[in-house]
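Next up: some structures, all given as structure tokens.
In the two complexes below, chain A is the common chain; its partner is chain B in one and chain C in the other.
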Partner chain A sequence: MTIQFNDETFHGDFTFKNSDWAIKRFPFPFHEDSYMYSVNMEPHKSYRPGSVFEKTFDVDEHYVAEMKDRARVLADDPLRCQSLPHMTLAGWDLVELIMEAKAAEYPDLFELHKDGNRWRWINKPLGIDDTFTFLDESTLPYGPMEYITRQTQGDFAVLDQRDDNLWMDAGMVTTQADWSLDFDIGMNFFEWHAPVPKAHEMGIFVRALKFLLNIQQGQPARRLNWTMTVNPLLDTSPENYHKWGTMKQGLTMENIGEKQHLRVELQTFFRLPRSNALVFPIRCYLIRFEDLVTVPKWGRRLHRVIRDLPEELATYKGFIDNRPLMVEWLSQYDDGSPTSDGIWPDD
Partner chain B sequence: MSAGTAKLNVTVAEVKPINDLVTRFKFVRTGGGDLPTFSGGAHTVVEMQDGDITRLNAYSLMSDPADRGAYMISVRRDDEGRGGSKFMHSQVKEGMEMVISNPVNLFSLDLRAKKHLMLAGGIGITPFIAQMHQLSMMGGQFELHYSVRTASLGTYAEELSAQYPGKVHIYHDDQDEAIDLNTLLATQPLGTHVYVCGPKGMINWVHGTSEDMGWPREAVHSEEFLAPASGKPFEVKCAVSNKVVQVGEHQSLLEALEAAGIDAPYLCRGGACGQCETNVIGYDGKFLHYDHWLTDEQKAGGKHIMPCVSRFEGKTLVLDR
Partner chain C sequence: MSKTVFPPSIKSRPVYGELEARAGSGHLMIADAEGAEAILDLAKSADAAFWAKAHIIYIPKGTGTKYSSQLEELGAGQYYAGPSYEAAQSRIRRALLDCHMGTQVYLTGTESLMGQAMAEATAAGIPHTAIQTEHRGSTARRMQCVHCKGITEDVTTDPFECSHCGLSLFVRDHYSRRLAAFQGVRVDAEDPGNIPEKVELFK
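Entry: the complex of A and B
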């Protein structure tokens, strides 16, 4: 296999680590030295071979470990995966989308063989070889959405489209930045975005919804979002806040470089063909500060972004208390020289 | 980014006259291979190269959504129209290569419905044919009430009655048969959703009657594509692209913008979806708003126009394009 999968954990002893390859391809989210919300959508087309934008569903060295972590979270809390009864067809759409894309783009890792509606799916990294009947739930060990998202990195919100709105009617959510599927299930686009500061006044959500409602088959879109996480935790859920919230205390100048992570979400949007639903995969990438500053441009820029971020955003993203320490540590890597446009390293 | 621009190259596999007015066209992927799956109610935009004019007309997909081997549409000839349907009837032959858009669904089933009650008028039958395929595959409950002018113009009425016995009810205008809408709506089980596709009068009748009877707005769905109206030629200034564009008598404003190489988004090209909404920077004259997207206040306000169907009469019109 072309990818060497890491043996690592996202809880307890936190052995998660990015290789040099993973650091170089990290989706750094800031294209300039400041940050404000925007509807920063672009077509989800293959871009920059080797980058996280190359494949429809990026697979990297963390794949096997992330799937183990998902199984662990689900065993503790099965409500992280829910699908209202009318969303089963959308689940099958997702099975088809992911299997076809992965088999075509990673032929050494995944195979899909179709004989009419009889499908054989081989997932080599996870040691799966299943034969099932497409559109027949009784032939899979889980519902279709759960089955395929237990084998795909990133969270998945599956949104029903009706009444000129989107509805959070199904999802697999175990790697989230402090939001809860169990709380949001059945809500519409404006309801589940209600806690976000500033963006409503800016009219962001009205424009974003209009864009999303018009996403068409064959024209997926993507954007990046970001926040901060102490320790490489994929599961920063409200349900488990009592376990991870306290980890935000105890950062020092000595340990922040290792413990503080920039958390970036590659969010993509696909129209699903049979159900006319929209699937919203949210893929989480983590990088510790000391790895991030090995790219000089990123170190300089992150310092400036965090230093100048409006207070409401730092509060909403949950790092207002640690911001002074972050800025102090990052300032060591900002010599004041200019940064080039765009998100990519200079070399 | 223009919506509606993901294209499919197809070859016409069959041209089949259904009756005096309607012809069915079957498309397969040029060079072989599967077409994308779609959902019942979706349409495709067919590009027609009619001499110097590129016509883009939306037609509902009527084939089985699960059949990726071919798409089918049915086109009703409109002798009074601007030429799209006439082109399809007279110029399109088997073996011809054409370009169509990926499927777009602006009339999808509400999959929460306990029952789907479908009301069709004339050529408005086509999206329901695909939806009935989809529902019978999923085991969904549905009922079709289909109003036609005469038995001989009842497109697919006999086939559908045979295919879905007990679920299809045909009403012939020439025999004074009519859908008893009040009784029909009053006797539906809770959780029923109503879908209507047909002439404007029929759509308004269903919305009005259901509203009077206390049906929730969200449970009543309709689709009506307008054909762009012809009208007096007019001139438009495009501020962003810095171009002056002439709109011909039988051309829509959207088509004129496209012919001038101005990027203008669209999906339905029939005044329904809102995608092509364009800001008006200045005007001296009168708008002819034909869409059903803008509110009455917006139409009166003179700040927006839907170039796919609406027109203008007067001295100057300046658009934010």
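Entry: the complex of A and C
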């Protein structure tokens, strides 16, 4: 299908809205009526045409607006995009990965023409037509990672692999669930996950790291993660927490359906060929509660998951204060009937 | 005794050991305040040949001359006492640059001193296996405000006021080795003005 790109905002007047198409393809993250951490990795293979799992890098109706929001956040705080000096080659690997995938999978939107190392990249939705020399930084307006991630939805962490660990040595982070690239850059896998409660003791990170260290070229993996956000705010950064923290106040039974959003991250993991780095795109999808409950199974299940979530997790995810109200509102959409296995709607 | 036992914490928080005199082509010792005690303890098991190859960089902070004369008498090949970390920084960088293969680095005193010197040593290419640390003295923290990015030194309370932007910040255990700082986040972000009473957590 040809995508109609929305004219919408993720801050200020918050005009973000999901079409019926976007609601139907939303990556609902709960495959059963409860939630606990797990190393829920699966191969990132094309799956269910039309779903967010079909393409290597999903492009949807929010693409143009999300890229505008990224440019706005970067203008406000350039430290959201950083790359330690040894990560430039990984940036070029990422340019190649994204351009080749998008040109092949969305030929009506993106084109890549190669003449040796002379590449021409056409990005129709953003009105970009650039010719540059692959691996020559001086021929791009930004560093390679910044250049391509200003044109790709989702945050990007680029991880160097050494000493049997992964090191967050580069990233583009403007749509994050409350973590700071500027603070975490240079940390290893255990250090940047240090604030997550319970999961260390459960052995989650040791197992996840073992899995990630062994990801091979051409065999990417994926998982879903989730949290909650009041208003469709992509930039829930710690840097700006003193500006958006107050939005969590003032939810009522009348406005929670519109203001409260489930925030889902589609995390994917790709081995990069020249640098042997691992790139970790974290793509954020938002859906307001009132849209989510239009899928009856999702409404019933979300009610049960939020109601029964361990307190530590609700605290860490930042919605412990609003949980009683969420549960009360969602309970209207839970008739107690059983739900089917898996994340997909029943119809 | 100024040795500190830190409670178990999250995995980004550094842990420290105890200095021991190791064989090496040189010995670079960087210390502040009560860190001098760790060097003096180490001195009990180090001979004159060890000290001949040693370079001590010491920042007494509030301890005045309590330790400096004892350190000076150890007979280090080079001894320097400076008024602040910032003042000593260019000397520290030069000393790290002059290190040869096999030089041992000893860092002791406050977390702020050890963290900053560790970042310098790592940037200079000293392998982590050649760097030892031992905490002594104050547990006050070096904090970065996540909002304005300013660093506040010697934080002893939670919450505390950022010395740059003035926001009241709560003290996290999340620690960046690159910045040599813990993270401070506005404590009343969700309910402006609702600032809990300060508790002295560090001395």
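Here is the rule we use: the second predicted complex is superposed on the first by the 346 of 347 C-alpha atoms of A that agree within 3 Å, B and C clash if a C-alpha of one lies under 4 Å from a C-alpha of the other, contacts with A are read in each partner's own complex, and residues count from 1 in each chain.
Everything below uses one rule, namely that a contact is a pair of C-beta atoms (placed from the backbone, for glycine too) under 8 Å apart; a residue touches a chain by one contact, two chains touch by 3 or more.
These numbers come from a predicted model, not from an experiment.
In the superposed pair of complexes, A:89 makes contact with chain B only, with no contact to chain C. In the superposition on chain A, contact of A:43 is made with chain B only, not with chain C.
Shared-chain residue A:246: touches chain C; no touch with chain B.
After overlaying the two complexes on the shared chain, residue contacts for A:161 are found with chain B alone; chain C is out of touch. Applying the stated contact rule after C-alpha superposition, one finds that A:214 touches chain B and leaves chain C untouched. Touch criterion met: A:180 reaches chain C, while chain B stays clear of it. Contacts of A:276 after superposition on the shared chain: chain B is touched, whereas chain C is not. By the touch criterion stated above, A:151 is placed in contact with neither chain B nor chain C. According to the touch criterion, chain A has no shared surface contacted by chain B in one complex and chain C in the other. Interface of chain A with chain B (complex): residues 43, 86-87, 89, 93, 96, 135, 160-163, 210, 214, 216-219, 273-276. Residue ranges of chain A in contact with chain C, taken from their complex: 79, 180, 182-187, 190-195, 200, 238-242, 245-246, 248-249, 321.
Residues 1, 3-6, 36-39, 41-42, 65-66, 102-105, 108-112, 134, 137-138, 218, 267, 273-275 of chain B are the ones touching chain A in the complex. Taken in their complex, chain C has these residues touching chain A: 10-13, 144, 146-147, 149, 167, 172-179, 183, 185-186, 189-192.
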